[in-house]
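Each structure below appears as structure tokens.
Consider the two complexes below, in which chain A is the common component and chain B and chain C are the respective partners.
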Partner chain A sequence: MLLYTFRRLGLAVLIVCLAMLLLLAAIHMVPGDPAGIALGPRATPEMREAFKAKMGLDQPFVVQYVNFLTNVVTGDLGVDVWSNRPVSTMIGEQLPHTIALAIAGLGWSIMIGIPLGCFSAVHRNSWIDKLTGVLSVGCIAIPSFIVGLYALLLFAVNLRWFPAIGAGENGDLGDQAMHLVLPGLAVGLGWVGYLARFVRTSMLEVLGENHIRMARAYGLPRRRITYVYALKLAILPTIALLGVGVGGLISGAVFAEIIFARPGVGKMVVDAVNTRNYPIVMGGVLVTTMLFALSTLLSDLLAAWIDPRVRQGL
Partner chain B sequence: MSGNEHVLDVRDLSVSFRTARGKVRALRHVDINVPRNKIVGIVGESGCGKSTLINTVLRLLAPNAVIEDGSEVIFQGDDVLKMSNSQLTDLRGQRISMVFQDPMTALNPVISIGTQMTDILYRQKIPMAQKRKRAADMLAQVGIPDAVRRLDDHPHQFSGGMRQRICIAMALMMNPSLLIADEPTTALDVTLEAQIIHLMKELREEFECSMLFVSHNLGLIAELCDEVIVMYAGEVVEQGEVHDLFHRAQHPYTRMLLECDPARIEETRQELPTISGSVPDLIDLPKGCIFSPRCPHRYEPCNESPPDHYAVSDQHSARCFLVRDGR
Partner chain C sequence: MTAAIETTEAGAPIKREPRFSWLWQLLRDPLGCFGLILVLLIVLAAAGADILSPYDYKALDIKARLAPPSFEHLLGTDNLGRDTFSRILHGGRIALYVALVSVGGSLVLGLILGMLAGYGPRWLDNLLMLLFDAVRAFPVIMFALAVITVVGPSLETIIFVVIVTSVPGYARITRAATLSLKNTEFILAERSLGAGTVRVMVSHLLPNLIAPLLILASMDIPVVITIEAGLSFLGLGVKPPTPSWGSILNDGYSFIRNTPWLVIAGGIPLIITTLGFTFLGEAMRDVFDPKMKKDR
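And then the complex of A and B:
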């Protein structure tokens, strides 16, 4: 397991480095001269050269890439164009909110989706299974901003169960958790349906396998067969799906962040794009990429922890 | 237990499956019994109802299966077909146990051998350490070296033969009265087959359980079993003591099966002998003898009505008009 963890960690670092390479290449491929844009049309060629030398833009691509890498490793993501604050500090402020929202969305979908899927599989073709099927597809089809708006209307405005906007008082964990419930629902509801369908399918497949028949022949209790013997196998594809899905969850979080007026990396990046604040856009994209690599890493490690066969794979 | 000398008595068992095409009558009026401390073999082609039979005994049938009225499966005096779910849980693994055909898929790949084995002992209120000791002892008994250490290994760390040994150990964990073996060696190579059969023979004597051994390998049946049941298309066509049946096979199907056994072929030839034709459609059954469409000896009575079981000797009967008419 330890060896697997190290190998998988190495792979994750490699993925992030490659993503950074792509990011840098993408910026180079965009037409236009950054010095010209930054200094305006009236800048002299000398000023541009000086600017380029200052920013290291006259260096070859490889050197720029290495500089980029070293800066990121030392935590230097550049400076906000407008406020001159370091980007890393700004992202550091927003990141916990984004991660909390992603976990809340994930929590909703896991807590409802997985048991629902198991239940449907065990009671296959019953009316509850069919109802679950319809509801799940419904959950998948409804866009998250609609869920967000209606959740806001129903639970925050009419029923007043949960607060409507913001992220809660700093340092008050209970308040912050209350502020997460509705945005989490908005982000996670689509995944509830997705997971319910997905778990049902893999569960049905596993329940038909020989070893389940054998466990039944040995008289093991039904609950233990379903929730340990079958679920432990059926959950594996779901874990892989979630690892990739968290990336989508983070980008889908933008809507929830806007509707519920929450701070978050997604909202910050959108604002930065609107104001052409490139260091923040790059930093935000980079951090999102890292989160994505981290979530796939975690899901792979979790899968390896559950399934001993995976550990030998990589 | 009462003085019943049969551990298992299957009486007039008929099982059908509801399908889109109609009712598949997989088993029809099957009567078999397993005497205490005996090994009974069941032979027959694929699709003859062997698996349906053993699945019925453990009540592990698919949801679309219908057990027809009048069927009885008496195990140690209790009718399995009338058992409640809790009684069934009590029966499975504890009083009747099973070894499956394919050891490669029979064990849960993500749960350690030790956990899978001790889970079977969930009914016993003894400390975990004691359960693990029992599991390790069983593994050692079926010939797994270094058993204590290997309890925490997962199935993929064992070879096919080892896995089947583990399955056998698991089946015997609760000291069952009846062990059902569903083609336990089909997925193994010949050397392993011999080892496993040897092991099963040894263990059966030690654990004093009866055994229902399903196979299409006639050689194995002859070597291992005390009694043989030949099944064809959902019916028992011949049954008897193993020696008697193999040497004085009466039913044409049994005789043809014996001729097809590659181990018995004496002359050298290019092609293996086969029984021409195929198993009849179990939705639309022929009016007469079920085997008549493929039978080289069929004559007038065969097409009119199905034959009864006719005694050949005390222990030996065949479902064929040839026996009744002495032809």
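And then the complex of A and C:
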């Protein structure tokens, strides 16, 4: 298990480094003049050069990449082009809000999606199963920002049940929870569908296996068989899906943060794109990519911990 | 429909599937049929946008700004008094254009790279797989935002981002299928007859790979449309005079306290399109790839 953990960790670090290399290469390859775009058409060539030097874009590509990596290791993500505040502190301030949103969204979808999938699998071909099947495809298909916008329109603007803007008063947990309801709904709805379908499929597979028939032959109660013995096996592919899905969750969180004017990494990055604040965008992308890599890492480790067979795979 | 029966030279009858049997199978699935209707609706609306739209999508009518739906303006007007219905019809063109170009591009690129990885030397395979893993390490929207910061928002930027981020998906499927086909008897037989690598790849591997890729492509279209609309909603996609469902939603969001209609009208075509393509894709998968169909 320890060996597996180290190997998997090494792979994750390698992937993140490569991903950033790719990003910098892509940015270099596509023709574009970030300084010109940021400063507008009236900027003099000297102003552009100074701006480029400030963003570190004047150096050769390899130097930029090495600088970037060494800076990241020391926790230095550069400074905000306009306010000169360090990017790492700015991200540190915003990150908890994004993580809270992600946990809220994923949390309610796990609590509803997994039992729904189990129920559908056990009562296969009942009307509830069929309805769940159609609804979950619908939930997956509809973009999260549409869910967010419609929720904002209905529950915040028309019915006024929930607040529309912000993350709530600092320190007032109830208020903060109220502010999480609608964005969490928007981020998590697609996941309810995903999880319900996915758990149903793997549950059906597991329920057909010999040891489950054995348990049934012993006369164990059906509920105990489903939720204790079968779910443990059926949950494995779902854990992997959850890890990979955090990437989509981060993308969804960007929209939820914009729509509900919540503080968070997504909103910070979008605002930075609008003001061409290159270091903040790069810092935000790096941190979210690391978050994504971390979540796939954790889900792989969790799967390996539950199922020893997985450990031999790497 | 009856199966056409032909006889071989030896006189033994062989059963041949009717040519459009897959279409019938698709139509027999109620959800597939529903999806096909929605997709046709959207495609026809986008194709006939010039004939169908009652107004010029750029025409301003300041006096009638933010009007609710009426017989004059079927879906109301936006903050500049432009007819929302006409803008939605034309927005469909942008959405479908982006979807077709970028899905087509990633399909072709993914096919080539996947076959190279599967059929080529081992080191190339490892290198390509590592690259694909690296690309998939980004949250898509974050990658898009980073590229937009440097290049500036435009239709081409969106297409570039979508192609880069979705090629790995197609390439992985192609690679897996190529690897499993590589050592089958018919390929070995073809090679022992002296067929070159290119011939094996193009005329023997390709036909076996195309079905799963097309299914993935039809499932990918709603994702791409969502990305385009999402970026336009953030104001980082299509530039203003061009109508896009995302920018209609953006206008609607800015004026959400004045009128609900812009947000409602901008969201409906997106829901129709994503649902349509997803249902169609699911039904196609059940028809073409019955192995994937599990106890339904």
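In this section, the second predicted complex is superposed on the first by the 270 of 314 C-alpha atoms of A that agree within 3 Å, B and C clash if a C-alpha of one lies under 4 Å from a C-alpha of the other, contacts with A are read in each partner's own complex, and residues count from 1 in each chain.
In this text, a contact is a pair of C-beta atoms (placed from the backbone, for glycine too) under 8 Å apart; a residue touches a chain by one contact, two chains touch by 3 or more.
Remember, it's a predicted structure, so these values are computed and weren't measured experimentally.
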item	value
Three-chain arrangement built on chain A, chain B and chain C clash or fit	fit
Chain B versus chain C as contact partner of A:L233, first or second or both or neither	first
Chain B versus chain C as contact partner of A:R216, first or second or both or neither	first
Chain A residues touched - chain C or chain B, whichever exceeds	C
Contacts of A:F119 with chain B and chain C, given as first, second, both or neither	neither
Arrangement angle, chain B at one end, chain C at the other, chain A at the vertex (C-alpha, nearest 10°)	80
Partner chain in contact with A:W108 - chain B first, chain C second, else both or neither	neither
A:R309 touches, of chain B and chain C: first, second, both or neither?	first
Partner chain in contact with A:V254 - chain B first, chain C second, else both or neither	second
Closest approach of chain C to chain B (Cα atoms, Å)	14
Of chain A, residues touching chain B in the complex	209-221, 224, 228-229, 232-233, 236, 306-309
List of chain C residues in touch with chain A within their complex	31, 130-131, 133-143, 145-152, 160, 164, 222, 226, 229-230, 233-236, 249, 252-253, 256-257, 260, 263-264, 267, 270-271, 274-275, 277-279, 282, 294-296
Chain C-facing residues of chain A, complex	15-16, 18-19, 21-23, 26-27, 30-32, 34, 37, 124, 133-134, 137-138, 140-143, 145-146, 149-150, 152-153, 157-158, 201, 204-205, 247-248, 250-251, 254-255, 258-259, 266, 269-270, 272-274, 276-278, 281-282, 284-285, 288-289, 292-293
For the chain B and chain A complex, residues of the former touching the latter	58, 60, 88-94, 97-98, 100, 102, 105-111, 119-120, 122-123, 154, 156-157, 167, 170-171
